[in-house]
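In what follows, a single structure is set out as structure tokens and then discussed.
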Amino acid sequence: MPRRLAPLVAVVLSSLVSLSLAAKPRARDLGVPFEGKPGPLNAITDVAGVEVGQTTLIRGDGQLVVGAGPVRTGVTAIFPRGKATDAGVFAGWFSLNGNGEMTGTAWVEESGILEGPIALTNTHSVGVVRDAIIRWQVAHRPRDNRVWWSLPVVGETWDGWLNDINGFHVKPEHVFAALDSAKTGPVDEGNVGGGTGMVCHEFKGGIGTSSRLISGYTIGVLVQANYGLRHQLLIAGVPVGREIPDGQIRPDEAGSILIIIATDAPLLPHQLKRLARRASLGLARMGSSSGDGSGDLFLAFSTGNTIPTERKKAGDVKMLVTEDMSPLFEATVQATEEAITNALVAAETMTGVDGHTVVALPHDKLRAVLKKYGRLVEK
Amino acid sequence: MPRRLAPLVAVVLSSLVSLSLAAKPRARDLGVPFEGKPGPLNAITDVAGVEVGQTTLIRGDGQLVVGAGPVRTGVTAIFPRGKATDAGVFAGWFSLNGNGEMTGTAWVEESGILEGPIALTNTHSVGVVRDAIIRWQVAHRPRDNRVWWSLPVVGETWDGWLNDINGFHVKPEHVFAALDSAKTGPVDEGNVGGGTGMVCHEFKGGIGTSSRLISGYTIGVLVQANYGLRHQLLIAGVPVGREIPDGQIRPDEAGSILIIIATDAPLLPHQLKRLARRASLGLARMGSSSGDGSGDLFLAFSTGNTIPTERKKAGDVKMLVTEDMSPLFEATVQATEEAITNALVAAETMTGVDGHTVVALPHDKLRAVLKKYGRLVEK
Amino acid sequence: MPRRLAPLVAVVLSSLVSLSLAAKPRARDLGVPFEGKPGPLNAITDVAGVEVGQTTLIRGDGQLVVGAGPVRTGVTAIFPRGKATDAGVFAGWFSLNGNGEMTGTAWVEESGILEGPIALTNTHSVGVVRDAIIRWQVAHRPRDNRVWWSLPVVGETWDGWLNDINGFHVKPEHVFAALDSAKTGPVDEGNVGGGTGMVCHEFKGGIGTSSRLISGYTIGVLVQANYGLRHQLLIAGVPVGREIPDGQIRPDEAGSILIIIATDAPLLPHQLKRLARRASLGLARMGSSSGDGSGDLFLAFSTGNTIPTERKKAGDVKMLVTEDMSPLFEATVQATEEAITNALVAAETMTGVDGHTVVALPHDKLRAVLKKYGRLVEK
Amino acid sequence: MPRRLAPLVAVVLSSLVSLSLAAKPRARDLGVPFEGKPGPLNAITDVAGVEVGQTTLIRGDGQLVVGAGPVRTGVTAIFPRGKATDAGVFAGWFSLNGNGEMTGTAWVEESGILEGPIALTNTHSVGVVRDAIIRWQVAHRPRDNRVWWSLPVVGETWDGWLNDINGFHVKPEHVFAALDSAKTGPVDEGNVGGGTGMVCHEFKGGIGTSSRLISGYTIGVLVQANYGLRHQLLIAGVPVGREIPDGQIRPDEAGSILIIIATDAPLLPHQLKRLARRASLGLARMGSSSGDGSGDLFLAFSTGNTIPTERKKAGDVKMLVTEDMSPLFEATVQATEEAITNALVAAETMTGVDGHTVVALPHDKLRAVLKKYGRLVEK
């Protein structure tokens, strides 16, 4: 059994990473062209009320000793209405390729409602994160423990190339730290939270986010990007992967992407399923063909309605006319594309298990390739 | 190509059948016990606004001559808000066993909205009925034909044991007659409309309907029953099929059931999918195991909301709290069970193709069996 | 944090329960009539290779002290091909009402393959059970920890009426004990394993099993029954719930049922989804209308094919002709109905949290009611 | 009621179009870069056994007179194993956005089997095409008409901008002509068959096809392309739509795409659903965000297995190992992208209803734009 990393340490680590990220350029700062208009933070937190908290676990180097490390993993938590409440939001989900886990989706599908936070972590820590969320809810919410139940939503991607995934290094206290630290404002990207040890198109991947303003509403996207082969990578339609072949690591498609979509547009559950499905199209623009080994699971929620809870009474909700969905679809595709690109731009070269090194997408080469193909946005 | 039966004749036939049905007992008149409280008509038309129209085609006897008959078929049309409007209703559907056709369901699933009527007919007449509905809409609704489209919902079950199904005897005018004759009030049951030539548990089947009053709302069910083997038939939990073995015709499970559920409860599309799924449970109580050859397709709609249509504006709708769904589920199961039993009780012995005879469920024997098992409701 | 119950104690408890169960009558011993022919054990283990292991946790009495007890819970594990292998089986699943959790289903749906065991537990212990299965696999299977991943299938129902569910009393060692104790042969029923604290139609519920021999194949069903209101309960079509009103506890439908179906018939994944859906129909015959609060999740698997694993080569599998599915559907309905009835018959009166008592279905009254309705099978 | 265009005329028309197409360049002839290796025909007919037949109806000009024209529509038929047989193939389908119709999908989903041809036509002619296929089957196949049924697969997109869609100009004889003329070999593209009156990214659209050779198998794609706004159009990742703004016609996303995928790889039904889902990703690379008005319905079938039909016996089929699916996914994405581009390249400027003109994608400008962005493949 490994020593436990104190939650304090994790939070400190997370804060340090946050500081270092603050000055880092994002994809559009590098001149990557995108369509649509982003919100002020260009992040999922542009949707009012959404809070994100992350715990990053980086510890040890060298040969894999299962249970001892190296450790390159973490937890990312998203509260649709902030950490002070589990009040429900309408939600819908979609599995583009189900080689992955997202707990809680049977009830999201059935009820159209998501209660409580969403958490993202590594494949083998889904269970501990799930139950820890319940523990946290037991501790933080006044409940009648005789009648209450919870079915938390926890997704995963696999970080075993860099992380001692079978060492089970995510502990309940790391989950609590992610939940407790959730906040509005800018979101750390790259090697943080659930994205710490992830790999994307054989470059270092991780957490990325983006947003769009459309039709008076905001759409925010957060991804945990861990999918794809190098040769497939497109950025702004340009074959960046073929142009930058350095540092390839995988013979086979392996890895996954989680995509969370938030909006304040008052969409009903069946409309949110449609939004979730559009994440596929943003992912496709990056060159993914959603390989067999990919857990490409997407969830969309809306803060635009208060879910009626009064029994024996029909409650009021709002909805968009079906014909007004198209611009939101387009914005979702755009924000997904930019969130993934942001993850690639933010992530830094990392060495983990057995000295495996995954290189960052080189910013200068990216700019050079975009320029070569007439797609660089010069400032 | 067969001679065409004039629509006038069809309407006359339909009216005659209607007269003869008026005096017939229904299942609860015979002492079959049911749970829950039915509406005044104990029919789908207890849901305000719902109108039903039927065309019944019965013509010829003797050996099958494809294209010439015998003819035992028809069309049943259901307008959620009456024939004067195609204004949408929220809807959801479920396929318990998809050996059947229900057109228009891709858009019901996507948009959660049903526009226009639902029609039920035989398997090989789905196309003519579908296109005829569009023709009727073109003729009856003021449209801009340059931008308008329609995706009608038409379901089917197979009546080839009694009907010359490959003679394609349903013509557009028969569809128009069913649509034009749609009305509120009692609904003809048994050998009428789309149910004319149907067989249920190897007894004569067809159209049946029922309703329930629950939580201040009404739930109405209409079935086109054409499924099941004799030995499987349960009525009020009693093994009626094993007790009345006379007149069996099928070695294999073959046949299907369409179940349409209407309600004025303000349910959202995802909630209506849940209602549609419950039709399975009512069907199961009749003893069905939903055989491989069965097209068991169910659709639920709600008149309880006006669908917002104003663009660029969030519209208002109402919904039930999720915890308030359970009584509606139970009522749906009950009404489905009674609607199927009503179809069996109303249908009369029919001889069709090649002299095939399908016997009616004998009312006296049914009562005797119910009595034997302590389930007869004595008046 | 609660003291941990040693795994040894758990196993001992489980064995004691096993002994006490050995002499207990099952539903057909009491004269409940069922259709179809059961296998020699009338259990899921009639399907060759299937092994079941259970850990039962019963400890403490009196007032609820979260973390201290009373404890009435456990784990039931099912290995499709025995505990010595994780070799895959084809599988399919269905959610009749998704107010529940079954992890691992995204990959079952996508790949049609189930690898490793299925485990059943309480709602708030899904996470610990899931991760513990991975730990157990890491320990027991030779793996390359750098490339291997697992997405275990763990289902749940809610036992908080009797069990301190927010005390999180299921620990990894209890999971290991269930996995390690898996065996062929008779399966303990009633208050055991994941079913320990469950309630069914307001009688004591829990684990039940049954099987059918059909078309040269075996179908086995195991349920964790925790659903339904008293008035809804039907046994063999008889309104047993209304006839035995004693000891009701719930105003609202709440609770769930997990149904696992095993077969040696060589069914493809899409055919297994069809089988899983039929569990709904067996459940319906018991009177359930699958209430809003119910997590009615069903999974079917087949041991009838070895899953091809050799890369770059088309592998051979067998399948049944679609028309041959109907008898298997009927057998699944029958075995589901009997498995639930067996759970009710086996479970014994239990007192748990705050002195809540849930009474067993009284065998003598059951026989009397069946006799009243002419359904008792006299020996 | 309009005069009927004799089927002979239709076939002649179709043949003339075929001649004129023979000399036309396809997308890769113009220097559009594509990934992967196409088959000898670069068409769906590279999959052995697949036959395609098309009827093209072009008649009249000027103002719309409903029932009189102008007529710009047709039928495209695809036989998975050639027109001489209805022997089944495994199949799976996916709805990316369900604002459309594809009949027969309930049974494809349930059984995993497609029997008979697939036909593509306009939205308001789905019914006539469906029933006409049954008539054709009745006439051409020896059947026992007392037991036989058919559930044809017919898809549609909306051509009302150019075609008198509410005139119902597709007649049974046009369907027969398409079925009778089905053949292997090159497939006409552009303004032919069901694609005659279609519009794609506000350029003239229609039928397009492509194929890929991968892992020893062939994947063929045929599209009926009628979707998208101009500004969204990407070709090879290049923003072609923004660069060629001429001739835009639509303020709103409206229109749809049908994508049919054929393969000789021995895939099981659940694997074919996965393939069908990948069509989404090829469509996304063209810039689509699958707007609300889009019926984006995809169906994949495999000729790689003979479907067992002998009763009471487990039949043999072959399957690919799940890990071997990824290259097929990638090939499907590639072939979809090229098939759509081929439709755009082949389609010629057309004037229809009310003088509406939809311009062809100008080949010279396309080449110039590709060159500008460094993506033109020079010969």
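Observations
Order of writing sets the labels: A, B, C and D. Residues in every chain begin at 1.
Assume a residue touches a chain if its C-beta (ideal position, glycine included) is under 8 Å from a C-beta of that chain, and two chains touch if they have at least 3 such contacts.
Bear in mind that the values here come from a model prediction, so they are computed numbers and not experimental data.
Among the other chains, the CA centroid farthest from that of chain A is the one of B. Looking at B-D alongside B-C, one finds more C-beta pairs in contact between the chains of B-D.
For the pair chain C and chain D, the distance between C-alpha centroids works out to 46 Å. The mean-CA centres of chain B and chain C are about 36 angstrom from one another, to the nearest whole unit. In chain D, the residues that reach two or more other chains under the touch definition are 97, 110-111, 274, 322-324. Partner chain D is touched in their complex by these residues of chain C: 110-113, 215, 265-266, 268-271, 274, 304, 308-324. For chain B in complex with chain C, the residues that touch the partner chain are 96-97, 232, 234, 236-239, 252-253, 274, 277-278, 280-285, 288-293, 322-326, 329-330, 332-333, 372-375.
Interface residues of chain A, counted against chain C in their complex, comprise 64, 66, 95, 97-111, 123-132, 134-135, 138, 143, 145-151, 154, 158, 160-161, 164-166, 168, 295, 297, 353-354.
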